[in-house]
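Labels run A, B and C following the written order; every chain starts at residue 1.
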Amino acid sequence: MIRQELRNWFEERYNVEDFRRFARSKRVPSHSYEIWYFTGGATLFLFIIQFITGAVLALYYIPHAEFAHKSIIEIVTKLHMGWFFRSLHHWGAQFAIALVLVHMFGTLMLKSYRKPRELLWLSGCILLGISIFFGLSGYFLLWDERAFAAVRVATGGAGNFPIVGGFIRNFLRGGIDVTGETLTRFYAFHVSILPLAVILVVVAHLFLVQYHGMSVPMSQESKRGQDTFFFPNILYKDLIIWLVLLGLVVTCAALAPPEIGRQADPLAPAPENIKPEWYFLSLFQTLKLFPGVILGLNGETIAIIIVTVAVLFLFLFPFFDRKSLRQERSPVFTWIGFIYIIYFIVMTVIGYFS
Amino acid sequence: MKIPYSLVTRRTFLNTLFGGWLLAFSAGSIYPLLKFAFPTLSKEPDFVVLAARDFLSIPPNSIRPFAWGGKVGLFLKKTDGEVSALKGVCTHMECNITYRAEEKKFYCACHKGWFDDNGKNIQGPPPRPLEFFDVTVSGEKMIIARKGVKVDTARA
Amino acid sequence: MIAKLILGCFGMVSGIASDIAGGQALEVFPSSPYDRYIVYETLVLFWIGIIGLIAIIRMKLKEIERGQNMGLSSNGWDRGIKVGMPKPYDIGKRDMTSFIEEGLSPVKKQR
């Protein structure tokens, strides 16, 4: 009864019928690869978890070099279930970045980037970059030995870019070296600048998905079943997948909470066997492959240039893959994409075990 | 007695089940989050342990403050050597009070309230006397406890 | 496959976390058995909640798909289908489904 009255109240003031008609019209194609459609929504869900847990943690974290480490220990030991929410934020980040990579893998292999969806691929790559920066800045806020060394290496690496390297490094560090100012800067990135950026780009990304509809892989065009409704069929399936993901993240968070090392000391030497977070391992390992000096030029710079070219190639993939632009089968580029993925996985595994 | 028709439609049954379960699940998940976000602020302890030497050695007719949770506690040594401890917070609007040694009274500057050295409110808006604590000295330690709280001196 | 991947990631990260902490690891997981059992118990209850929710959502999905396959819209089909009256010249028609109209709102809309 009340529901009906509420409905009438709205219908008397707003044109609900149009909304309903639009909602009814949203369809999702059905074919053998339809499960990949769920990866995007799952990634969004993980980011929502990160926003919520991050907001709550930010109520207690102190972003000052002297108090940062202590505030985290306070959160983890003194507050009710503080250890759990920090753990949830940590594991949520791992899952979120993993899902971004899975989503990217799916769209790369299924060639969802082909015309007319090139902008979706570009905005997606930007989102990957933002997510990784989220991971790096968030990790630094621990202000423990490992995080400190990791950021020193990461920002130092950025400094090896030709011409603009020094400028980028000093901007990120807030100075020449990694100091308390870097902490303040990274906190600003992690809590304000990056969330703003990610919201804007995600909204654009989602709008483009609505505009173009879901891409159907070229091989499946003829094998399509009947389209399914988004409301409520696909929405319920989305919900099921999100619930399973929530269960997994919560289980990991409850059973394997992350530890926190000793407080960082800018004057102390770097600890033994320092390794970055897993999503940086492949890059780290690749850089290790290059010798110090190549043909008289700085090895690091050459390495960075090669890696940048490889990343740029991936970024501009839709424009290089001419065949898929014309909606033709393009096995060469499928293989190139596959090689990128295998390289990433292999280098990550090597990096972990070395 | 079996009725030949269903009292609710299948749809209503499913929707109620879904809504109810979703509500319970969400409430159960949000509750710890809220508890984490809204901790019990300014929780006062049942007792505090201080170094006896620092407090017993103060000159007569003077006070020494100590931490009582998030608030200030005052250790008072009267002219005759009698010691006591009280919460240094005015009973009117919870401003911090100060001790006027010349007049042997506690004074609250917010609304010009006065208490005598036993805590009784003698002048101004404060409605109640100050809260006093029990003082126990055990060796090197001095234990200041809320009235009525039993403290196991061995464990403290 | 996905489960293995996830277990693998979980192992990887906990491995990294314990190596690198360098001996001064902070006791984060509640240490006393009493607290530990509360965590496990809560986890079990949580999963029961999730699996129950998934079961109910599946039931709802099946029901909606059943209705959709019959041709009913998922909007207002609870209110029944209205059958239009056949005209005199419709008598003798074989296919009577053209008389079925979707459930109409019992409350008049005011514009």
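Simple rule for what comes next: a contact is a pair of C-beta atoms (placed from the backbone, for glycine too) under 8 Å apart; a residue touches a chain by one contact, two chains touch by 3 or more.
Small disclaimer: the values here were computed from a predicted structure and weren't measured.
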Query raised in the report: Hey, which pair has more contacts between C-betas, A-C or A-B?
Result: A-C
Report task. Determine, using the mean of C-alpha atoms as each chain's centre, which chain is farthest from chain C. Result -> B
Report task. Averaged over CA atoms, how far is the centre of chain B from the centre of chain C? Could you give it in whole Å? Result -> 47
Query raised in the report: Measuring from the mean C-alpha position of chain A to the mean C-alpha position of chain C, what distance in angstrom results?
Result: 26
Query raised in the report: Taking each chain's centre as its mean C-alpha position, how far apart are chain A and chain B in Å?
Result: 45
Requested in this report: Identify all positions of chain C at which a residue touches two or more other chains, and write them in rising order.
Outcome: 46, 50, 53, 57, 60
Report task. Note which residues of chain B are touching chain C in the complex, please. Result -> 9-12, 14-15, 17-18, 21-22, 24-25, 28-29
Query raised in the report: What part of chain C is in contact with chain A in the complex they form?
Result: 6, 9-10, 12-14, 16-22, 24-26, 28-30, 39, 42-43, 46-47, 50, 53-54, 57-58, 60-61, 64-65, 68, 73-75, 107, 109-111
Query - Sites on chain A touched by chain B in the complex - result: 52, 56, 59, 79-82, 84-85
Report summary line: Within the complex, chain C is touched by chain A residues 4, 8, 11-12, 20, 24, 73, 76, 83, 87, 91, 94, 98, 145-146, 229, 231-233, 236-237, 239-240, 243-244, 246-248, 250-252, 254-262, 271-275, 278, 352
Query raised in the report: Touching chain A in the complex: which residues of chain B?
Result: 32-33, 35-37, 39
